[in-house]
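Two complexes follow with chain A in common, the first pairing it with chain B and the second with chain C.
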Partner chain A sequence: MEALLFTQGLNVVFEALILAMLVLGLAVVMGLLNVLNIAHGEFIMIGAYAAYIVQRAGLPYLLAIPAAALVCGVIGLVVERCLIRPLHYEPFETLLATWGLGLLLRKCVELGFGRGYRSVDIPIGGSVSLFGESYPTYRLVLMLVAVLVLASLFVWYRRAPTGARIRAMVGNPVLAEAVGIRTRELARNTFITGTALAGVAGVMVAPLTPVEPFMGLTFIVNSFFALVVGGMGTVSGLFAGATIIGGLQSVLSAAVSPTSAYIAMLLISILFLWQRPRGLFPRP
Partner chain B sequence: MPTSIKMTRRDLVRAAGAAALAVGAPTIIRPARAADALKIGVLVADSGPAALFGPAQRAAAELGAATINAKGGILGRQVEIIFADAGASPAEVAKSAVKLMLSDKVEMIFGSHDSAVRQGVENVVKGKIPYVYTPLFEGDDCSSNVYFLGEVPEQELQKTLPKMVELAKGKTFYLVGNDYVWPRTTNDKAKKYIADLGGTVVAEDYYPLGAPNKFENTVAKIKSAKPAIVLQTLVGGDNVNFNRTFADFNLSDDILRLSCLLEENTLIGIGKDASKNLYSSLGYFADLDLPENKAFIGELTKKHGDKAPQQCTISKGLYDAFVFAAAVTTKSKSLAAKDFAAAAEGVQFDTPSGSMTMTHRHTSKNIFLARCEGTKFAVIDTFAAVPTQQSCT
Partner chain C sequence: MTSGYFEIQNISGGYGSGRVVRDVSISIGRGEVVCLLGRNGVGKSTLAKLACGFLQPMSGAVRLAGVEITGKRPSENLTLGLTYCPQERVVFDDLTVAENLSLMRTDRRLDEFEPYFRAFPRLCERRGQHAGTLSGGEKKLLSFVRGLSEGSAMMVIDEPTEGVQFENVVRMAELMLAQKEAGASFLVVEQNLTLVDRVADRIMIMDHGEIVLSAPASELDRQQILAHLTV
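After this line comes the complex of A and B, so read on.
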């Protein structure tokens, strides 16, 4: 029984961390630029296909990370220039535009690869014994990577000058521009960072799920709920949202049933949208 | 003679009319001939979660129509397919079915889609024309003038479960499925067979359909419960996800898995690393080593080349539907509900997976138990003419 509890405990942490990693790109774009990138799931999907191609080419799996970041970053650059900037970063207009972008990206991938499932082999097989209980190595590595990425991004945002500029731009764009911060470039780079992060998350989850053109849809749902509950634009919000949505779903699914866990998650998200639309830890 | 040359105005009109008729006749006769074709509405997944199967469904149906047309068609009439999308909501597909009947004047409907859509279509067709439902499903439907070609749970399980118990050398089962009618009915029927075998069900888990599911929890529980066999009724992406997670947690060496809907596309998604000790029980596999299947796949390859969409039990059923309809109408000589139903009882027809016989509007057929070898199926046992145990009149 303790063994089961221990594994389930690790599962909860795993689910929360993976969700945080998946939300990260969306949180950056939504929290800092007020753009809800509905095509976020499609960037994850493209990252997963990048991993598939790298693996099929017989290249080391680590190479998929820069490859996915590059592909998604370049697409992000084009999208920012042709879609987001002409729409002046308006929340509603960009929401509609990225929804259409998601359709387009899915169809493009379908054209190139077909609707069929692809599978990406687990790059690090085997399992590690922890206190007498074995847990898949790849999942442990993913947890470690997620912690490192999230922590370094947090530190960078707090300490680095660019972080300060972004905070200035978000706080008061006009004043930021007046003191010499090039907000246009800064916004562009922030958007690209968001899409590239989605690509990296795609590489991370690709060995766990079927890789297919519609896979992004399943990721965007939970990511959006995590943002709603956690609050946008803060790191604590990101963690709180991912922990509550990912963790709750994992715990309820183990303790009650997967269907009721899903219903509970939907109810919580509706309650938050209705009563506390800014989430638990909104940007002040 | 002058009198014969002299033409009155009335003659002129008459002559012009005759000439016009002669010139126009082919266009008048042509639609009459086209109306003579027997139109069949075929519902395939062009969109929605099953759209993966759409191209293969279309290819199988087109080959089915071409095959019986080459043998003289149905009731001496050439068959013409009118496709409609079955990937929308049941209400939308029902509307398409109404349009097929009223404006396209189809005289039969063949469909490969889920049960919710089938019930929507049944409600509008109301038995007026024969409706042939081809994919595997949960059974227990006796709507009038509807004919079922797919595997029912009784067929997937009755011979297969004893074989699995023998292979696993154990009788404890863990059931995991999606949360809708097919998995729940299949598992209810499975529990009966398991009890007959003296086995036990240690637990069952159901995951919502179409939700972003993760399976670490169930896999951890399976690891702790140590059943001999995991019986799966998961579909599509969830099937892939579960089996990949199962293998990641290193359970595939000790625990056998039997899936009730594991076809070629899903197995490619699961991948070679996660398919050890995974079994599938179905009425058809694309790699079946039967001459009739080799001919079927050969024809498709001839027509579509390398781009031939991957066939599986879900798509191949639409080919069977044409063979079935031709066999029934040879006996019934009519498409009237009463004649068709009477002729369908006991009708025998040959398909790529072997001969099938319709009894009580369901189809007894060969069931194959296959073990996954990498991303291919290796048939380890064939159960001939497995009865459906359905009792529609």
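After this line comes the complex of A and C, so read on.
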């Protein structure tokens, strides 16, 4: 019984960390630039396809991470130039535009790969024995990678002035130019960082889920819920949202059913949007 | 005509297709302070924005130290030695006073701002607060300190004393004069004669988008200036 609880506990931590990785790109773009990238899930999907291609080509799986980051970064660059910047980063306009972009990306991938499910083999097989219970090694490695990525990003955001400069630019673009911030480049790079992170998250989850053109839809919904609950633009908000949404989903799915888990998440998100729209830890 | 350090040459422009500034030329030498006066809405702020790259002029040119900077972005102009302090939305409200000052520095300590903090202790007391909580006058002081601390050879300041207390205006003038001694030039859009009396080498008066009067400060008395400022 204790061992089962321990495994369940690990699963909750795992779900929370994976969700945090999935949200990260959206948190950067939405929390910092106020652009709700509805196509965020599609960038995760493209990252997953990049992993599939790299694995099929017989290349080492680690190579999929830079490949996905590169592909999603380049698409992000084009999207920023042709869609986001011409719409002046306006929240509502870009929401509509990226919704259309999501449709386009899904259809493009469908054209190339068809609608069928692809599966990506788990790159690190086997399991580790923890307190008498066996736990998949790949999950443990994923958790470790997620902790490393999130921790380094956290330290960087706190120490480097870039975070404050992005906030400054979003709050007052004219003054930002006046104090010497190259606002066009900074906004572009922030957006690209968000899409590239989505691609990397796609590589991480690809072996755990069927890879298909519509897989992004679930991710964008969960990511959005996590941001709504946690609050935009803060690292604590990202963690809180991912833990609550990811953990709840994991516990309720195991204890009751995935459907009731989904209903619970919806209710919580609606409650937050209604009563506390800025989330638990909003940017001051 | 001798060429100045900062030259605005036959600039025309405005917002969209509206021509607010008409064929204005201003030449400012090294270590010279030019004060631009005029009633509200005659195009002073627009001229400052045209000169610093926030608006694209319809015609005319801007030169800094002989180099044409027309059409260059403000962030680029800053690296060339042209600082601009806006009239409105003068600080980053979401950042602290300290962050407002150290935003573009690699060093987050505020040692180099000590002289400014001595002049305006209020800013030092409030350095941990969000700049959005400051009063209008305090925000102007913060913006002024940020601008002066860039150490640029040319500064364009739009109404720096709006809402600032008299004794702080006097200190602003002292700080400006110290930088002028070191060779810095200023173009100051101003309504407040307390500052103008103390710093101006030359006074220009603008009306309907044009310069209607330009004279050394010593040759103009208050009555003549006031006559232009009142409707």
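The criterion applied here is as follows: the second predicted complex is superposed on the first by the 274 of 284 C-alpha atoms of A that agree within 3 Å, B and C clash if a C-alpha of one lies under 4 Å from a C-alpha of the other, contacts with A are read in each partner's own complex, and residues count from 1 in each chain.
Assume contacts are C-beta pairs under 8 Å (C-beta built on N, C-alpha and C of every residue); 3 or more make two chains touch, one makes a residue touch a chain.
As the structure is a computational prediction, the values presented were derived from the model and not from experiment.
Colleague: Quick check for you: in the superposed arrangement, does A:Gly180 touch first (chain B), second (chain C), both or neither?
Modeller: Touch status of A:Gly180: second partner only.
Colleague: Could you look at A:Arg165 and tell me whether it touches chain B, chain C, both or neither (first, second, both, neither)?
Modeller: second
Colleague: Classify the contacts of A:Arg283 with the two partner chains as first (chain B alone), second (chain C alone), both, or neither.
Modeller: Second partner only, chain C.
Colleague: Which partner chains sit in contact with A:Met215 here, chain B, chain C, both or neither? Use first/second/both/neither.
Modeller: In the superposition, A:Met215 contacts chain B only.
Colleague: Figure out whether A:Phe14 sits in contact with chain B (first) or chain C (second), or with both, or with neither.
Modeller: first
Colleague: Go through the superposed model and pick first if A:Leu140 touches only chain B, second if only chain C, both, or neither.
Modeller: So A:Leu140 meets neither chain B nor chain C here.
Colleague: Please tell me which partner, chain B or chain C, touches more residues of chain A.
Modeller: Looking at chain A, the partner in contact with more of its residues is B.
Colleague: Where on chain A do the contacts with chain B and the contacts with chain C coincide?
Modeller: Shared contact residues on chain A: none.
Colleague: Mind pulling up the chain C residues that touch chain A in the complex?
Modeller: Counting only chain C, the residues touching chain A are 52, 54, 73-75, 78-79, 83-86, 89-95, 99, 102-106, 108, 130, 146.
Colleague: Hey, which residues of chain B end up touching chain A in the complex?
Modeller: By the definition above, chain B touches chain A via 51-52, 54, 179, 205-208, 211-214, 216-218, 220-221, 223-224, 237, 240-241, 244-245, 248-250, 265-266, 268-274, 310.
Colleague: Inside the complex, what are the residues of chain A that reach chain C?
Modeller: Contact set of chain A toward chain C: 161, 164-165, 167-168, 171-172, 174-183, 283-284.
Colleague: Quick one: in the complex, what on chain A touches chain B?
Modeller: Listed in rising order, the residues of chain A that touch chain B are 1, 3-4, 7-8, 11, 14-15, 115-122, 125-127, 134-136, 138-139, 207-212, 215, 218-219, 221-222, 249-250, 253-254, 257-259, 262.
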